[in-house]
């Protein structure tokens, strides 16, 4: 698999600088590269790290000329490096296995052309799966679900009944879509579960992370908009309507009936209380606790979440707090003395 | 499936107001209803939203008379609306499938009458399952577990050995009950796992959310009291004893050996340190970090958690902090000038 | 199974004090022990709890002589008590089942001697499993994974392709190892997934909790060091390099490309932003939000995380804040009066 640097430059259609005859034997990131490896630097700020990295060559963008190391300059560093890594470690190519005899398929399910269903997966009654989809081992699709084309369910995904998944969407292992919403009415001291008559509708080109949970709507649908990407261990509660092209990072939790506009970004461990509306392109910082609506384009951070600027002032003031306490005490002493002094002067008494 | 408004009013035993002859073709919430749909309004505050909703009719409670739209008044809006939704979209009725030949049942397991076990589920040695229970696809029940009657395990639930589940309890997909507690003793620089000799005991009428994890006790049981409802992605550590009828919202985390009284409510993303006792009917706000016991009936919020009132004062003071800083600086200047002025006056010297 | 206290003392090689003829019928912790039970007390601070506990005997360490109850003194209370519990409730011994005919094994997989593979587990192409390992029901091992010897995968664990697991490591139910990293480049308004060419490498003697997720590296490996223990519902993102013998508590979330040294401890619900480096033996308090590197040996808490001492000062100041506000107002009034008084005195005017 080893290749000359010149061959790699040709592979990625890049501009070679330095000795093209050296032999490259692997590809690795700066932190882990050894002699013989090619590495990548996607920012000229990495110049010093490249200088001390034992790699034999580096892929860079056109605006960065590293010194003392042969390099390949390209327009898209990551695309080129991915191609080089694939040369050294070819990715597993999907093997077309068709419908495994060890999968459990309901007779009433309709499965499109060129679909793979792996051992131990179940496809329930009245389920429809579009062409070119892959249902991995142990994925459980309950009755009435509808999946578009080129959908991938990784192992042990669970879709409760009537879940809809759009074309080309990917759901990672262990995610659970369509479980019951957490809504109760307390009658005579006992919590009674609300209706669970809705479902979950996932748009096209959505990606959902491992062990993420999205609950079904009470009467209607919980909706995930087209192109939205959701990380691992995110919780989206019943009746939420998430917009298009959102990015929702790991361990965020969104309570019932929230909505988001398009292109919203939530960092890790964010929490939203129920019935909150987030405007399009809003950004919410890590660990923020959102208690109220956020306007379009707003950047909110903190618990409770406030505009970033406000939060910075608060944090700055907070870090000055011990100093303020000292200052306040000193001032108090000074004023006390001024006061005593004023009182001792008969001409201008103070209350 | 379409029905006249009069027919729907009769279906839910409600009082019709307006034209009963109009034909209703579906049921949807205010946010998503179209012409032809019936919707619901469980609060008279929704009057303006109803006014601008294109729905053709609405279900309301007796104390709310919406204007300009036919309606059905009932005592329990949600119960009535659920019935109407079920008319338009009949829920999947459970199909009695019995014990699937594709399920893996230990010969020593005892399974009651009318139990469904779906393909790919495993029932280990010496397991007992009460009548009318359903074990969905891919659920794994390890040796020695005991399940009451009418228990539902959704797909891919895992019960470690000796787990006990009470009558009518529901465990959602991907939940893991009885994994090892996270307790280690560090000996010569290596972490040695503590004993894992206990189990998990879940009372009757408990509901446990998707991907929630409850760890087994060290020597005895981790206990979930009767009627308690637990949302998705909640973590309950080893040796905890959760009371009855608690409501524990998503992503809450309860460390080892905590206890709660009855009717405790925890909002989302709450964290409890280990060995904390929570009194009955206590309420803990979203994202709170509980470091100490909470008395019965207390409402605690914040990190670290304090009584709500105290937290409100803190937050109010915190939001005034930038202003306080300005005020303090201004005051300092004034006092400095007073001081200079006093010093310049020979009659009343100040230290 | 009942035994005399003398027999139990002999079983654990302990020093008997009190009547060795009494019959012990069970073992339970202080909170749950009944007459006839033996309990344990690992700290002399528990003296009062022992005094009011109905247990018939207690296991203690040599430096604690409880009054009014027979006891067995030993060097290691927990080891001795575990042995006694095992006498009363013998743990399930692992039954050697070999490779179940209901497991799905690729013909190209290489499986060592004395490995158990339970029903519904799948072992993909080119997978290698070392001797004495156990692959429980529903565990899914995708192509190219390599597992050492004595590895345990509990039910429904998912290993994505090319995952490496070291000797004696344990992965609990529902954990997902090697799912795609959450990295996107936004091109023309659409989020494009980054390369997923790496894998996850787990060292020897690692334990990974239920429903924990560890994402694969972009080009190289996400690494978990030898001896590290990870609790349930922890999230470790792509390209992280976790050191050896770390303890990472439940619901902690570590964003992409972070590193930790050896013996780092993270409490529950901690969050780390991406590209943060944590020095060896650092300790991070519950719910902390780490925005910057932490030096070796540091103890950091709070959001944003700061050294514990600094955070204590902040918290102390914060709790004084309402008082400070009152004090500031009072001071303002005094100064205002001083000012008025000074102004009314013609001799020393103040600006």
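Should a chain be cited, it is by its letter among A, B and C, assigned in written order, with residues numbered from 1 in that chain.
We adopt the following convention: a contact is a pair of C-beta atoms (placed from the backbone, for glycine too) under 8 Å apart; a residue touches a chain by one contact, two chains touch by 3 or more.
Quick caveat: nothing in here was measured; it's all calculated off a predicted structure.
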item: Overall pattern in which the protein chains touch one another (line/ring/star/complete/other); value: complete
item: Copies subunit A and subunit C touch via same or different residues, half shared test; value: different
item: Magnitude of the superposing rotation for subunit B and subunit C (Cα, nearest 5°); value: 120
item: Subunit A-subunit C separation of Cα centroids, rounded to whole Å; value: 23
item: Residues of subunit C touching at least two other chains; value: 120, 138, 156, 174, 211, 233, 251, 269, 303, 318, 321, 324, 328, 331, 335, 338, 342
item: Residue numbers on subunit A that touch subunit B, as the complex places them; value: 104, 120, 122, 125, 138, 140, 142-144, 156, 158, 160-162, 174, 176, 179-180, 182, 184-185, 189-191, 193-195, 197, 211, 213, 215, 218-221, 233, 235, 237, 239, 241, 251, 253, 255, 269, 271, 273, 289, 303-304, 313-314, 317-318, 320-321, 324, 327-328, 331, 334-335, 337-338, 341-342, 344-345, 347
item: Of subunit A, residues touching subunit C in the complex; value: 27-29, 31-32, 40, 78, 81-82, 85-86, 89, 91-92, 95, 100, 102, 118-120, 136-138, 154-156, 170, 172-174, 205, 207, 209-211, 227, 229, 231-233, 245, 247, 249-251, 263, 268-269, 286-287, 303, 315, 318-319, 321-322, 324-325, 328, 331-332, 335, 338-339, 342, 347-351
